[in-house]
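So that you can tell them apart, the chains are marked A, B, C and D in the order they are listed, and the count of residues begins at 1 in each.
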Amino acid sequence: MTTTTGIAFQLLQSLFVVLIAPLLMGWVNRCRAWLQNRRAPSLLLPYYAMAKLFHKDAVIARDASPLFRLTPYVLFGCMWLAAGIVPVLATALPFAPAADVIALVGVFALARVFSALAAMDIGTSFGGLGARREMLIGFLAEPAMLMTLFTAAFISGSTQLTTIVNTLAHRAFEVHPSLLFAAVAFLMVLLAENARIPIDNPTTHLELTMVHEAMILEYSARHLALIEWAVAIKLFAYMTLGIALFLPWGIAAAGDWAALPLAVVALGVKLALAGAGLALLESLLAKLRLFLAPEFLSAAFLLAVLGMLMHFLVRG
Amino acid sequence: MSLSAQIVNLLAALLLLIGFAMLAQRRILTLIHLFAWQGVVLAASTLIVAHGTGQAHLYFSAALTIALKVLLIPWVLHRLIDRLNIRWDVETLINIPTTMLIGIALAIFAFALATPISQLASTITRSTLGIALASVLLSFLMMIVRRKAVPQVIGFLAMENGLFFAATSATYGMPLVVELGVALDVLVGTFIFGIFFFHIREQFDSLDIRHMEKLKED
Amino acid sequence: MSGALACIVAWLALAVASLLRLRGAWFARCAAFPLGALAALVLAVIGLQALWQPAAAMTLPLGLPGLPFHLHLDPLAGFFLFLLGAVSAAISVYAAGYFADEAPGRLALIGLQYHVFLASMALVILADDAYLFMVAWETMALASYFLVTTDHREPAIRSAGFLYLLIAHLGAIAILLAFGILHGGRGDYSFAALRAAQLTPFWSSVAFLLAFFGFGAKAGMLPLHAWLPEAHPAAPSPVSALMSGVMLKTAIYGMVRVIYDLIGGLRWEWGLVVLVVGAGTTLFGVLYALMQHDLKRLLAYHSIENIGIILLGLGMSMVFVGFGHPAAAALGLIAALYHTLNHAVFKALLFLGAGSILHSTGLRNLNDMGGLIRRMPQTALYFLIGALAISALPPLNGFVSEWLTFQTALQAPVLEHGVVRSLLPLFAATLALAGALTAMCFVKVTGVAFLGQPREAAHAAHQAAAHGRIDCGPAGRIGMAWLAIACFVLGLFPSAILLLLNRICVALLGAGLPEDALESSWIWLVPSSRAQASYSPLIFILVIVAVICITAFGVRRFYHGRVRTAPPWDCGYPLQTARMQDTADAFGQPIRHVFGPLYLMRRHLPGPDDPAPRFVLRIEDRHWVWLYLPVARLVGFLSEKVALLQRGRISIYLLYSFLTLIVLLVFVR
Amino acid sequence: MEIALVLGVPLAGGLLLALVGHRRWAPEVNAAASLLTFAAAALLTARVIADGPMTALDEQFFVDPFNVFLVALTALVAFTTALFSRPYMRIEQHHGRVNAARLRLYHSMYQLFTFTMVLSLLSNNVGILWVALEGATLSTVLLVSLYRTPASLEAAWKYFILCSVGIAQALFGVILLYFAAEKVIGPGGSSLLWTHLYAVRGELEPTVLSLAFVFLLVGFGTKVGLVPLHNWLPDAHAEGPTPISAVLSGLLLNVALYAVVRSKVLVDGALDRSFSGGLMMGFGLLSVVVAAFFLSRQRDIKRMFAYSSIEHMGIMTFAFGMGGPVAAFAGLLHMTVHSLTKSAIFFTVGHASQATGTQSMAQIRGLIEQSPTIGWGLALGSLAILGMPPFGVFTSEFMVLTTAMHEHPWATPFLLVALGVAFAAIFGKMQPMVFGEPTAGRLPHAPALVPVFAHLTIVLLLGVYIPPYLADWYHQAARLIG
């Protein structure tokens, strides 16, 4: 594969992820509506909503600082970057070495810090509340995520996502008990990081419980749209990351263009299932009290660390 | 053993006896008298050693002893207690029988310590070193158990006597210049003690050293 | 070499000149600090050069008879000189503005102590014999002690100074004893002689422990850290920056120099000791930082945390050396040294930012601040950069060194020892946790101090300023900008730094990183091999910036750029005041909840009939209860017993000499 | 000739001042006499450095690098203290604490004390050494009680009794020494001369010598202030006039230690080294540790620094006890820097308590604000005495600690604890006195701070640079005793 095609593929994949991400959001919402016996909204509703928001005039609080206006773009940029390095369809991503799993966690952390700061910028009590809760979730979710990824990194001897996925996908089938632990931990982190039940509820605006929504309360119009879009990409990135790590079969190896169509289909199926699963999980679980969020996440962290230890234990 | 050696040994025994007597003595005047008698014994032994060995400077030492320790210092002490009007009985911190027992133990210890050394002595009076050490330690003990300033000073002077005895009997005397220096120190020391008695008396209205226990860590 | 010496002499000359009050206080006010910065820059350049050049040595005709002062400039020393020069240059520039309105007397003293402090740090790094090292080391402590107690009328500052110098001195004695072991009664005290010492494993381990805890006391390592959160905030801000940014690094230098270079023969058990202490220090530092509302104190606790992170890198490196894996060991050492440099840069920046706030508003309690970004936009920007860097967020420098530390931990599978192999990732987990907590803490700091609405005190300070902006002057801005740029440079060009640090590893360990790591192009940071891991901050930031620009452009192009301003949405509560914002304490509350048992909390709840109810919560360090106070009590108890020796009764005193005599006589027989 | 000058000047000065010591210009005469002594000592030193060791007056006096070094140090500190005592005693007179008659006593005794010090150092005769040391007690005991307060009388009484009794034990040691030497050298004056004793030290009877050493150690050790023979020391330092505290700490303790070291060298010739060395190390260590714990509960400023003297004498005793060229070098250096530093501290302490009218540390505050020179002097002096580089005390402690670490590692934990406790104590008490809100008043006379800073400068220089001739001198002396 020449560099040019590689870069082209890289750009295309990023674009693909960015464009398709809201669709996944729509799908999850739709599944959830089905499960809850509601009339499901259109699959494309996220796109409509964003288009509407882009058209509106932005209203910004009087005392907002430049940071407040910059943040949506930073979030969007971060998520785009994340989308660029997670192997979605194929592991041939020439730019992926620019950021390995640790950097990926760093990207998410960067985004989180910016959104928390922006939330505190206006100085309303809700902003501060949201920022504090978000950071509380983050401080446990982030290391748990990192440990999960480390488990995979230890198995594959690399922290490059592409290498990890290559190793995990194209090898003889082998049961890794450590990966099981890691997968559970990853799922828990995914729920927490993407503001899903049981940690947060993406559809609520109840002061006592909201986390993510409290942070973006002051945003409107195009800023809000970018944030929503970034959130969608984030969910997509997490899902594809989980798939790549724990269900990697079907992903195209480097240079294996012929496998690409199959990879697209496999990804579609896997994402649809994962989205439905997420909706199912969200419908089954109740939201935790905020106090319990640290417990939930420390459980995730412990599981991830255990998984890592398990790796050494089993390998002897 | 030559006659002079026998006499010196006798005097040494006397010295030790006086040491014990001082330890047991309750009356201050008697204490001074005992101290003077100790000086006499000391001078006598020095004379005999001088005679026996022909060391000329020991005659001088003997004369010095008589002048200083038999006459001058007791006289000064007499004057002092007259002037300060102190004639009370001497009080001790530990009762006298106990003190005596400790004293006997000390004497035995001193003999035991001195015996191996005495074997080496070339002098006619080899056994006196232990007695000298014993009387030094007894004087030390006396200083510890007395609670008034004057007896304490007498204890110190008695200790000096013991040392002097050690010097003359065990080694035929120190070089003259040293002995002169020591004598000068003792003299000046006695005068300073005298000055102190007045100052202390002035400040504390008493020569009881229990008044002087203010400087301490608390 | 002579250049470095000239810089030191220049600093000393500046110190004396400040004291002499040339032309009134003009010299100290206008010339001393800029000239000091110039000398620092020269020193940085010399240090950088030394990384390439062969080691140079020199002796000065001073010192002990038979032991002239030995100076030695090798890559390790060069690196730390570079750190010292580069960071202190910025701080000196900043200080020129900061101290400009001090009273002449104070200024003269500050000028003296500040430059002596700098010179002694440089001498610590250059010293090549135990004596000069100790002299410079303690002079450094002494100079910084006097700087800490500049405002000595405050009892709290005095007690901070006391604690600081006491622990520093104890540490110094421990270091001295380590040198004593290394000396072993042969040769002189030059490092060359100490290096040649052949020690039994027992004695080398004792030397290691003495050196580790001796230097650790200076570095603020657990459990000898108690002075740090007291002393660093007490000093004037440029001095705090210097202490946190540079002085703590001399302790790291000392550790590396003594343990790697002089003691040698590293054992993996030592590495584990370092790792355990490092992990404890890291978590302790960040958890206590989260509880602080005094900005400088908070930063001081973060210094403790970062020392812990450096120790984690060092410890891993020592474990790898002990098991005979030089490449992995080199990686750990590089991570530690890289973090040393990074921490110097961003912590100095943050302290300078805190200094600007203190200087212009007089505030140091976060709960009084708020909205400062509007009045101090420049400071806010630099502080934000520092905050992002310390939070280990890509693409800034803090991330690179933590990334390298993680990569070191990921080398664990090469180890043969099963237990140690599975322990290393646990330390990595500690680091991950600490990193996330740091991010939380700095969201709190930045958010509460700079963002939001100004709280009452901040509002009053804003009003008091004659013109709208109360930002720091040009000197201060240059100083902070310098460090902020350094945060970016160190973050964006890590592979260049990697090459430099690799030279130190080659010099110290006899081996560096594998070829693959060194020969990859300058864009890519590769710790061991490209297949294993790589990171390219340049691409990283390019992508983000490009996306931001394209998005912003696209949104404006295809939609519009219209913005309306309005009051913030009040959610239906009409009364919204600045007091309703989250305070720094509130931000830390959930952490206090989660990690409750780690803190010693003293709560005071007001009663129901309290006319002026106030809820008071004080967080104290448990180490005081189980270490410092018992030691103090023990000393008190012993001295009470010893005092019984001196009860004032002369008979007893006589008895002592009598008994001494008797006992000795018995003993002789 | 120089020896006669060194001895004659203070003796003559003492006699002269006994007549005119109450005059207004007596302090200047005192200082001048001390200056002359110092000049003579410098001449003597130059002579010894040029010509090597010598004896004089029928071998009654002798000079070698060891004692000439102490003579020079003694004369120097005596001179600077005399300079300090000029304004100090004037202020005391101004405050009405002393009258003209007592000043006469003071000045005369000051010179006589110097004389006894020099005499004990220069004398070749152990007996004369003893006489001179007792003379030192006699000449200073009335100075300790100069103020005639109950406390000062008590202190002087204890000083007198304890030191006299102590030194009486030393006399017994001298007699034993003579007893042993007589058999080898024969009776007569030469049996007590150091030079002769050294010449035959291998042949002396070991049992007698070991006994003699015990008596000498207990005797002279009392004057050194070794624990548990130290009890007189804090009282005497705290209650006497400050110049006397300075010379007691700066001179007397050194000279007493000199006597101990001389005896040790002699005994080492006949006995196993570890005997005397072990005893000295034990006493030294005990002194260091006990003094450190005493330090932490002091309230009186002079008393505290007196305990610090005990601690430092302990360090020196320990160093000499270890023996060997490095440790002996360190011990000598420590003598020098301790004398200089401690006397400098007492100078500032004297003025500080005059300015505040109290010796209680709780009431001395903020010196640095009120009178910066006193404040800085006290701060730097205390830090120097605590062994902070670049001051010279650190240099010697560096050598002692590192030598101890590899030769007697068991001792280092004690030293570590003691130095730490002492640091916490002195530093913790010094800091509030120096810093904080000032309480001091003004002094009626300008304080004497040249001596303070002269001493501190020398100590500072010794910390970073020991001139070759000085180092050579120390080396020679260390070889004599190591």
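To be clear about the criterion, a contact is a pair of C-beta atoms (placed from the backbone, for glycine too) under 8 Å apart; a residue touches a chain by one contact, two chains touch by 3 or more.
This is a predicted model, so every value here is computed, not measured.
Chemist: Suppose chain C were gone and every other chain stayed put; which groups of chains would still be connected through touching?
Modeler: Chain C out, touching clusters read A | B, D.
Chemist: Which chains sit in contact with both members of the pair chain B and chain C?
Modeler: D
Chemist: When you average C-alpha coordinates per chain, which one falls nearest the overall C-alpha average? Tell me, please.
Modeler: Per-chain C-alpha centroids ranked by distance to the global centroid put C first.
Chemist: Compared with chain C, which chain's mean CA position is the farthest off?
Modeler: B
Chemist: By the contact definition above, name the pair with the higher C-beta contact count: C-D or B-D.
Modeler: Ranking C-D and B-D by C-beta contacts puts C-D first.
Chemist: Taking the mean of the CA coordinates per chain, how far is chain A from chain B in Å?
Modeler: 100
Chemist: For chain C and chain D, let me know how many angstrom lie between their CA-based centres, rounded off.
Modeler: The separation of the two C-alpha centroids amounts to 43 Å.
Chemist: Need the CA-centroid distance for the pair chain B / chain D, whole Å please.
Modeler: 31
Chemist: Using Cα averages as centroids, what's the distance between chain A and chain D in whole Å?
Modeler: Taking the mean C-alpha position of each chain, the two centres sit 78 Å apart.
Chemist: Please set out, as single numbers or ranges, the residues of chain D touching at least two other chains.
Modeler: Expected reply: 157-158, 161, 165, 211, 234, 294, 297.
Chemist: Which positions in chain B are in touch with at least two other chains?
Modeler: Each of 113, 140, 143, 152, 209, 212-215, 217 in chain B touches at least two other chains.
Chemist: Kindly provide every pair of chains that touch.
Modeler: All touching pairs, sorted by chain label, are A-C, B-C, B-D, C-D.
Chemist: Mind listing the chain D positions that touch chain C in their complex?
Modeler: Touch residues, chain D against chain C: 157-158, 161-162, 165-166, 169, 210-211, 214-215, 217-218, 222, 227-229, 231-232, 234, 279, 290, 293-297, 366, 368, 383, 386-390, 394-395, 398-399, 401-407, 409, 412, 416, 419-421, 423-424, 427-428, 431-432, 435-437, 463-466, 468, 471-472, 474-475.
Chemist: Per the contact definition, I'd like the list of chain B residues that touch chain C in the complex.
Modeler: Chain B residues touching chain C: 93, 109, 112-113, 137, 140-141, 143-147, 152, 209-210, 212-218.
Chemist: Which residues of chain C touch chain A in their complex?
Modeler: Residues 370-371, 373-374, 380, 384, 388, 391-394, 399, 403, 406-407, 410, 412-413, 418, 421-422, 425-426, 428-429, 432-433, 435-437, 439-440, 442-444, 446-448, 451-453, 524, 530-536, 539-540, 543-548, 551-552, 555, 558-560, 562-571, 576, 578, 580-582, 586-587, 589-591, 593-594 of chain C touch chain A in their complex.
Chemist: What part of chain C is in contact with chain D in the complex they form?
Modeler: 61-66, 130-131, 134-139, 141-142, 149, 152-153, 155, 158, 161-162, 165-166, 169-170, 173-174, 176-177, 179-181, 183-185, 189, 635-636, 638-643, 645-646, 650, 653-654, 656-657, 660-661, 664-665, 668
Chemist: Applying the document's contact rule, which stretches of chain D touch chain B when the two form their complex?
Modeler: Chain D residues touching chain B: 60, 125, 127-128, 130-132, 134-135, 138, 141-142, 145, 148-151, 153-158, 160-161, 164-165, 168, 171-172, 174-176, 178-179, 182-183, 187-189, 191-192, 205, 207-208, 211, 234-235, 238-239, 294, 297.
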